[in-house]
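Two complexes, one shared chain (subunit A), two partners (subunit B, subunit C).
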Partner chain A sequence: MKDNKFIFYLLAPTFFFIICFYIYPTIYNFYNSFTDLNLFRLREGGSWVGFKNYIDLFFDPEFKRVLFNTTIWLTIVGVFVRIVLGILLAFLINSNTLKKYKLTNLFQLSLMIPWATPSIVAVVVWRMILDPQVGVINQFLLEWGILTESIAFLADTSYVWPSIITIITWNTLPLVTLTFLASLKSVPTDLLDAASVDGANKLQRAWHIILPHMMPSIIIMVLMSTFWTFNNFVFVWLATGAGPGTYTNVMATEVYLRAFIDGKMGYSSALGIVMASIMTVFGIIYLRLIIKRNLREIF
Partner chain B sequence: MKLLFKLFSLVTVLSISISGLLHAEIEISFRFNDAGQKEMRAAIDEFEKKNPGIKVDLQRIAWGSAREQFLREAAVGEGPDVVHIAQVWTRSMGDAGALYDLNKLIDKHGAGNGWGDFISGDLASQDDGTIHAIPWTVDTFAMVYRKDILEKAGIKEFPTTWDGLFKASKQIKEKTGAAGWGIPSGSGPTNSIWFFLNFYWWSNGWSLVDRNSDGSYYVNITPDQIAEGIDYYKSYLDSGINPKSMLNVTNWGAQELIEGMVRGDIAIISTPENVMVQIESAWKARYPQKSNPFGSAIHPKKSVTFVGGRQLGINANTEHPEASYKLIKYLINEPVYSKYYAGMWPAQKTLIKQLPQVASHVGYKKQLILARSWGSYSTGPIPIPTMWNWVGRGAGSVFIGEKTSQEVAKEIYNNIKNELE
Partner chain C sequence: MFYEIIILSIALLVFIIIVYPTVWVFIASFKSNETLFSNEHSDYTLSNYIELLESGFGLYIINSFYICLVSVVITIFISVIAAYIFSRKKFKFKIFYFGSIMLGQTFPWIILVTPMFILFAKLGFLNNHISMIFCYVSVSLPFAIYLLVGYLESIPRELDEAALIDGCPQFQIIWKIIFPIMIPGIVVTATYSFLLMWSEYLFALAFLTKTNLKTMPLELYAFFGEHTTQWGQVMAASALTTIPTLLLFLPLQKFISEGLTTGAVKN
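Now for the complex of A and B:
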């Protein structure tokens, strides 16, 4: 009994913070999503409008685009590029060629630079790099005669999404790579040696031994990257402001635009709830995987 | 002896407390959003010298985030004591309960040469007479151009019609290689295209929001007329007169425009006077021996522009309204305008008359005479930033070929009509 009390006191601060900073805001936001709360009339509060915000949202053509941009471009393409490049880089850093020339540490160190760069700084730097007038990429392409007119990478619809994905990948790739590298280093060498003795070539060893061994960390990184990317506001907002037009508008920027530009806090709350619901699905998958993995480790 | 010691201790503690109270400093914060932080800090230093009991913490935020940030802070009892706001924000911020009611402070301490002397006083107050801000500066957009490039292109006088401006821009592009009118065509929430479209519409007598004599509001423009304006600016991008890179530029005072004008990559821009001051300073710093090649003119078709401006408000949550108002009173007087805040016209008629006029800036004076207040846009039920965002995003979608001007025009028209109803 005494132990239970002690445990309760130990956990109480955590529960207090969870209730104050997670549960209460979520419930409050959920309530707001059924009201017409307006930024410009905050003190008056909102009136109950039932499911109106949700109905408006699902019939809004902009919502379809926002959902498409968030799911396909930002999340699927963004996460895919990061995972594939992460695996390839991990293989490269772990390769005998780099070890031979003693470049492994240099590669690992250089990976830290983007990781240590705050997202805001990363976007500002990349905006300068991609700038049509003073950006190094345009200057290089113009000087080499590859282009006759500079490209506005962050305003041209053909280049804007690849540019955003490049910025996100640059800033977030190191963590993915280092995670995969750690997993790669833990592959049992006797297994690889046995496969070599059996006549497996490099590709076969990578496909049949290394990748299956790395699979748990790949799945976890896919899920974690999905969380970070799906909710992300900073990269898109700072890079393009959701433009040109609303071409790069995503869920997080739409929540901001509706709440703080249009002033429709109720509608924006409904959007936030939809966003949270989608993320909950990923959360459940993640938790199931973690629980499964933990159970397997225990038993 | 014990009693004497107690008395001595009491007297010491009391005297320390009283002297502390007497010398206590009030610290207020002032969030100033324009460039020229150094100059403003110097102005504040002078204020602090004149008012030894008040310390001012000078803060800065980008204009693009200023409104939302302040509203968020004020809603939870936070934020700076004195806030620098665009004049079109005051009414909605006041409605939101974010700004202090200044009527009593004005009655007690006065304001400038009387309330009637202020320009845009209507935008600083509510319909019931509650004053929520003090007009600080006014400005408007005028056309700024490179005289030498226009001459090189064979253009002797600045065009006076929209078609004329397009033809002149084309001529400049063909004969000199420079962009004609460099129009920032980005579509963020504080885009510039919103202003240029309104100038075009107003010059034709159209308006997104107008007010009937009975006080009700209506849309005074058709979807076709909205589309005409968008198509006009799109033609600059389509013909290459305005480079595609301008789709990346949102702000009317962006570095791309300033640098473009100084380098001669752009021949014409439309911008407020403080940006022209920055362009001229950059020119002078780079080419100290050369004469100033810049001129200013009014917009085509004697287009009406808006009287823009900044106001100073006090946070509704402030603990120091008197000190905050003291700072505002200092800022709305000379020598702040001539010494520390150059390139800005005071929002007071008597002060405007006193300030000298630079020859190259003559277009601004002419344009200010033609300028109108945001009027029904500001007093109407739709917040200007919301319309600003609709128009900017819509135009952006047309510029990149994602939607037609007709589609966007209908969307803008319906959005405004629905909100007014």
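Now for the complex of A and C:
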């Protein structure tokens, strides 16, 4: 009994933050999503409109674009690129050639640089690198005669998504790579030796032994990268401001635009609830996974 | 041999892509605006930094440090205690409590902005560093608790259980036994939280409108938007924003890589 009181007091600060910051706003949003609350008429409050916001959402062509951009570009393409590059980079860093020339540590250290670069700085410097007038990429391509006129990477619809994904990948690849590298190093060497004795070549060993061994960390990284990008506001907002037009508009920027530019807070809340529901599904999968794999002892 | 040359050239290319953008920030910050993009010759100067600091950028550095350091200390204090409870105590609905904290990691921050804005407005906390500290502690708590519970699990329970049996008060166990052993885990958690807060933009954008209260990322981007032609100063501001996190991450590289990756690797 005394212990229960003790536990309650010690967890109270944590739950103070969780309730005020996560639970209360969610309930508030949920309620607002059924009203027509407007930013410019906040004092009047909103009146109940039932499921109108959700129905409007469903028929809004902009919502389809936003859903497509968020799931296909940001999440599927963005996460896929990160995972594949992360695995390849981990193999490269762990390769015998790099070990032979003692470059492994240098590479691991170099990965700290993009990681420690605040995302805001990453966006600013990449906007300069991709700039049509002063950007180094355009200069390079023009000098080598690959292009005849410069490309505005972040304003041209054919290049804008690959450019945004480049920025996100550069900034967030280190954690993914280092996780895969740690997993790669934990592959039992006797298993690999046995496979070589049986005549398996490098590719076969990578495919049949190393990758299956890395699979649990790959799954965790897929889930974590999904949370980071699906929810991310900063990269898209600072890189393109959801433009050109609303071509790169994603869920997070749409929630912001609807609430603070259009003033339709009820509609924006409905969108937010849809967003949070999708993430909660992923969140529960993630939760089950970390509890089953790492933290089973505590329950 | 041929194979090695291919691997090494790929490695060189990858290395350049990894380090080039940040290194370029530092080089460009010392170049004069006139010669910044010239390949032939460059004038190196401190004037970008001097002009930037004269325009009052120092204040934003102090604001950022103040908010982030206070938030990190509070986060660590609360999450060490929570991690101890979750790791060592058995109680009803534990998985539910733990799960509800962990889901915070997957939550879209953007939907918190409006309700928090209204709440802070009612409490008079808009344009106040308390609201920023509150937000930053909240966003870093879930992952901090996750990391620290994971770390505590690697420490044998006998250690603190023995002290408990000896009749040592629980607060003393946390403070005198748990806390010191957890220092490596705490360093990793603090570093990670610091980076998260240091580069945070959205909440600062929503809750800080008074110029003298702004944080570095906010001011950096505002400055970038207003002075796109003054790349030298923009780069100096970027460099100043990157130095603190870089100084934390580079020396702690081994710590951070191990601390953050073991959770996802352990079988």
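FYI, the second predicted complex is superposed on the first by the 292 of 299 C-alpha atoms of A that agree within 3 Å, B and C clash if a C-alpha of one lies under 4 Å from a C-alpha of the other, contacts with A are read in each partner's own complex, and residues count from 1 in each chain.
One rule holds for everything that comes next: a residue touches a chain if its C-beta (ideal position, glycine included) is under 8 Å from a C-beta of that chain, and two chains touch if they have at least 3 such contacts.
It should be emphasised that the depicted structure is a prediction, and the values quoted were computed from it without experimental measurement.
**Q** Would you check which partner chain A:A152 touches, where first means subunit B only, second means subunit C only, and both and neither mean what they say?
**A** first
**Q** Quick check for you: in the superposed arrangement, does A:P118 touch first (subunit B), second (subunit C), both or neither?
**A** So A:P118 only meets subunit C here.
**Q** Which of the two partners, first being subunit B and second being subunit C, lies in contact with A:M221: first, second, both, or neither?
**A** Second partner only.
**Q** Looking at subunit A, which partner touches more of its residues: subunit C or subunit B?
**A** Between subunit B and subunit C, C touches the greater number of residues in subunit A.
**Q** Check the residue A:L103 against both partner chains and state whether it touches subunit B (first), subunit C (second), both, or neither.
**A** Only subunit C is touched by A:L103; subunit B is not.
**Q** Given the touch rule stated above, what does A:Y54 touch, subunit B (first), subunit C (second), both, or neither?
**A** neither
**Q** Share the list of subunit A residues that count as touching for subunit B in one structure and for subunit C in the other.
**A** Correct list for subunit A: 42.
**Q** In their complex, what parts of subunit A are in touch with subunit C?
**A** 3-4, 6-7, 10-11, 13-15, 17-18, 20-26, 28-29, 32, 42, 89, 92, 95, 97-98, 100-101, 103, 107-122, 124-126, 128-129, 134, 136, 170, 175, 178-179, 181-183, 186, 216-217, 220-221, 224, 227, 230-231, 233-234, 238, 251-252, 255-256, 259, 265, 268-269, 272-273, 275-276, 279-280, 282-284, 286-287, 290-291, 293-295, 297-299
**Q** Show me the residue ranges of subunit A that touch subunit B in the complex, using the header's touch definition.
**A** The contact residues of subunit A facing subunit B are 39-43, 131-133, 149-152, 154-157, 241-247, 257, 260-263.
**Q** Over in the complex, which subunit C residues touch subunit A? Could you list them?
**A** Going by the criterion above, the answer is residues 3-4, 7-8, 10-11, 14-15, 17-19, 21-25, 36-37, 78-79, 81-82, 84-87, 89, 91, 94-95, 97-116, 118-119, 134-135, 137-139, 141, 145-146, 149-150, 153, 170, 195, 198-199, 201-202, 217, 220-221, 224, 231, 234-235, 238, 241-242, 245-246, 248-250, 253, 256-258, 260-267.
**Q** What residues on subunit B touch subunit A, complex-wise?
**A** Touch residues, subunit B against subunit A: 68, 71-72, 75, 92, 95-97, 186-189, 243-248, 250, 256, 259-260, 265, 383, 385-386, 389, 393-403.
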